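There are two complexes below, and they share chain A, which is joined by chain B in the first and by chain C in the second.
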Partner chain A sequence: MRQDDLFLTCQKAFQERGLDLLLGYEKSSSGFLRPAVFTAPESLERISWDPSASLNLATYLPRFKSKKVGILAPGCVSRSIIILINEGQINREQVTIIGVPCRGLIEKRKLGDLEGVRLVEFRDESFVLEKENQRRELNLEDYLSESCLSCAYPAPVIYDYLIQGPSREGSKGFLEKRIKDLTRLSPEERLLYFKREAEKCIRCYACRQACPMCYCESCFVESSEPRWLQAAPEPVDNLIWLLTRVYHLAGRCVQCGSCSRACPEGVDLMSLLAWANQSVFELFQYQPGLKIGEKPALGEYRLEDPDFFWGGGQTEGKKCCS
Partner chain B sequence: MLFLKLKRENFFQALGEFSEYALYVPRREGERVLLKETSLQDLPENLYFERTTGSAKEILFPQEETLFYFKRYEPLERPKLEDRKKLVLGLRPCDAHGIQVLEDNFLNLEPVDVYFKRRRENTLLVTIACSQFEDNCFCDSLGLGPDRLNGADAIIYDLREAVGVLSRSAILSEKLKGYAFQFQEVENEDQVEKGEVPRRDPEQLPILSPEEYLALISEDKLWEKISSPCLGCASCTYLCPTCYCFDLQDVTYGPVGKRVRTYDSCMFGLYTLEASGHNPRPTLKERWRQRFLHKFSYIPFLEGILGCTGCGRCIEVCPAGIDLREVIKDVAKFKR
Partner chain C sequence: MEDFEPKIIAFLCNWCSYAGADLAGVSRFQYPPNVRIIRVPCSGRVNPLFVLKALYEGADGVLVSGCHPGDCHYQSGNYYARRRLEVFKNLLNFLGLNPARFKMAWISASEGAQFAQLVREYVQEVKDAGPNLEFVREKADLVRFLNEAR
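Right, the complex of A and B next:
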């Protein structure tokens, strides 16, 4: 992918579509990307895209309901946009999608101590960090997010403009294997694993805020009548929070990993999310965010839907996630 | 203040004098560094501790705390105040500055917070002058470190063969004296031998006066620009060493219950939502203005110290990559 291609395409999109703003990334002082809201075509010179991005930009879209918005979109972001359209949160006409190729995103946590470290450049299969004039070349694949290691759609699914460049090959496996390992545990062991993860949670709701699908104006945790769970980070309430969010996202999550990278405490969010999605796929052969106009699996009833859980139906005896 | 010099082995021996104190140090657990109780034998020889993931405030101001229990038709019952003595070792000067901000809020204003007060009285905070800078930290740009005593009871300097301790706690000074080969009263912390403290050219940050910041309160464009990438989560405020806002909630089980204090965050919409439905800080713009001005205008105005410690945690955890150092620079550009 070429920088001038990105800049010129975004500028063209901005002018042709009469955009109010464009959601993209810019380089921070350490060389890692951070989200940026571009409000003028001239400012687009700073726009940048590489595997050091972290946040799913579709998260910002519901904020700009009355505006014409452009957005940089690798596979997961384009799928999030499709879901937001299908769920009536935004209009297709209002969004201009600038598809970008994706080689996966880095999990910054895996890089360890970053004091004084600057990200210099990305090469074909590696990237270079610099500290006090010492350079270190690291293999990109080793530092990718869990979500990206299990991404089936790295390239944008829909777009209005497309930036050319190589995307990572779609590959499933990483999280699927983790789920298999977890299902092999006894229910007690599995509960213990997730209880331990829940204990780390400080309930800052960075996961929710970083998630494009968590667009509710009022989240169930904020309700005081009735109060579904305590504000204090008691382990049991944390677990309710994590599990309820997973249920709300079952069959809606595109597994972009935005929540997981946003978590300041490194809670394992992806296992449960991937498990819920896998269950929905096994039961309804449905994958979220692939087609505009589709109804969400859990928002639609079809006669042939399995209903083993109350005794009858066509998949009698079948258990999900076997 | 007393400045003591101890031989390394004597320093560890001296810590044995604090047997009635539970020893807490930063310890890595997986991806996080937490303050954990430890034994004297497990202390690292070189006295190096990683920066904790959360800030030191949780030792005095935990994220969750029961203020009292209640039962219908019966008087309120206060839980037994925590009287466990703690020696917290290995925190950083920035953490100690945060404690100072908390003290000013919980102890120096009426009414005094009894829960915080008891914990503070039972806690000895011994920081260690930083031997290296951490990701995104900038205390040196604010003049708060990396070797200053700030709000700690004592700070330790690595003098190679010896350990230097600058103490302003009578208990600490008394117990360490017997093990020191040299000690003297000092007036000013700059007089003491600090050994090798890392230095770098600190980034110059334009810190304005509280009044100058306050004058920017109605600069809507500024706050809008700064807050535009913000997601409105609370990871910055929950990990911030100086954020002390809390919420009170009743946890009830039928006729019995307890009133619990938990962290709250000005970055949440619910924080200022009034019962009528009106919200005086309806968007992230107003919330960011509050967070920034509280740290850089209100706290300096009321307490005379900066409400930011330069620890860098908010920069490190922000999912939107907002860098407080750049915000400080952006704000200064609007100075009138």
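Right, the complex of A and C next:
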């Protein structure tokens, strides 16, 4: 993907569509990308896209309901946009999607201490870091996010403009394997694992803020009437917070990994999210964010849905929830 | 745990299961007194947070029951509930919570005997599972303390 191609396409989109603003990334002083809002075509010279991006930009879309917005979108962001459209949060006409190829996004946590580190450049299969004039070349694949390692749709699903370039090959497997490993444990061991994960949580809600699907104006976790759980980061309260957020995202999450990258404590959010999506898929054959006009999986029903209720029809022989 | 008497919160829909429970009483079907019934307008009203909140506040088991598919007073509430609660149940099981902590059932207004049987079965299930130590705030601290002391 060429920088001038990105710049010219965005500029063209800006002018042709009469955009009010364009959501993209720019380089920060450390060389890593940070989200940026471009309000004039001239400022687009700074626009940039590479695997050091972290946040899913669709998170900002519901805030600009009355504006014409352009947005840089790799596969996951384009799928988030589809869900936001399907859930009535934004209009299709109002967004201009500039599809970008995606080679996966790096997980900064895997890089360790980044104090004084500068990101120099991305090459075909590697990237270069610099610290005190010493350069280090690292293999891109080793530092990708968990979500990107099991991304089935790296290339944009819908777009108005498309920037050419190589995308990662769609591959499932990483999180699926993690889930398999976890289901092989005994329930007690699994509960212990998730409790340990929940104990790390400091309840900063960075995961929620980074999530394009968490657009509710008031969140259950801050509700005081009824007060579902305490605000203090106690293990059980954390577990309820994680669990309920995951449930609210079941069949809506595109597994972009934005929450997981935003988490300062490295809580294993992805295996719960992937499991929720996988069980929605197994029960209802539903995959989120692929088709405009679809209802969310838990917002509709079919008469012939599987039934595991006591006294229901299909409980014998089959087992819900392996 | 011979003398363990579990507390079970039952969310029963107004139109079928609550009437079913009533019928069980009127017909003098015996069932254990461990269930505390909360009447809800429809099984579709049950937010999975109700279940978590009940466990969090100290319940040992939670039962959600509504009209059989096709019988919903509001046409479709139980179909939504079916999808949502099954996904939720899957999540709880993946988390490793004892499956006895949460049960879903269909009970119609004419199924007094079945309601009594359901409660008998479920109370036994929860008794076998033991008290809820995993999901209660105060007890969770205690369990952690005991684990660390071990």
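One rule holds in what follows: the second predicted complex is superposed on the first by the 308 of 322 C-alpha atoms of A that agree within 3 Å, B and C clash if a C-alpha of one lies under 4 Å from a C-alpha of the other, contacts with A are read in each partner's own complex, and residues count from 1 in each chain.
Keep in mind that, in the parts below, a contact is a pair of C-beta atoms (placed from the backbone, for glycine too) under 8 Å apart; a residue touches a chain by one contact, two chains touch by 3 or more.
Just so it is clear, the structure is predicted and the values come from calculations on it, not from any experiment.
Engineer: Looking at A:32, would you say it contacts chain B, chain C, both, or neither? Reply first, second, both or neither.
Structural biologist: Only chain B is touched by A:32; chain C is not.
Engineer: Looking at chain A, does chain C or chain B touch more of its residues?
Structural biologist: So, of the two partners, C touches more residues of chain A.
Engineer: Once chain A of both complexes is superposed, is A:93 in touch with chain B (first), chain C (second), both, or neither?
Structural biologist: Neither: A:93 stays clear of chain B and chain C.
Engineer: Which partner chains sit in contact with A:297 here, chain B, chain C, both or neither? Use first/second/both/neither.
Structural biologist: So A:297 only meets chain C here.
Engineer: Could you say whether A:55 touches chain B, chain C, both of them, or neither, answering first, second, both or neither?
Structural biologist: first
Engineer: Look at A:284 in the shared chain and tell me whether it touches chain B only, chain C only, both, or neither; answer first, second, both or neither.
Structural biologist: After superposing on A, A:284 lies in contact with chain C but is clear of chain B.
Engineer: With both complexes overlaid on chain A, does A:235 touch chain B (first), chain C (second), both or neither?
Structural biologist: After superposing on A, A:235 lies in contact with chain C but is clear of chain B.
Engineer: Name the contact category of A:265: first (chain B only), second (chain C only), both, or neither.
Structural biologist: Touch status of A:265: first partner only.
Engineer: Where on chain A do the contacts with chain B and the contacts with chain C coincide?
Structural biologist: 230, 234
Engineer: Which residues of chain C touch chain A in the complex?
Structural biologist: Its residues touching chain A are 48-49, 52-53, 56, 65, 68-70, 76, 79-80, 82-84, 86-99, 103-107, 111, 114, 118, 121, 134-137, 140-141, 144.
Engineer: What part of chain B is in contact with chain A in the complex they form?
Structural biologist: Contact set of chain B toward chain A: 30-32, 53-54, 63-64, 132-137, 228-229, 231-235, 237-239, 247, 249, 251, 260, 262, 264-265, 268, 270, 317, 319-323, 326.
Engineer: In the complex, go through chain A and note every residue touching chain B.
Structural biologist: Counting only chain A, the residues touching chain B are 28-29, 32-37, 54-55, 59, 109, 113-116, 200, 202-206, 208-210, 222, 230-234, 258, 261-262, 264-266.
Engineer: Looking at the complex, which residues from chain A come into contact with chain C?
Structural biologist: 182-183, 185-194, 220, 226, 228-230, 234-237, 239-240, 243-244, 246-247, 250-251, 272, 275-276, 279-280, 283-284, 297-299, 301-303, 305-313, 320-322
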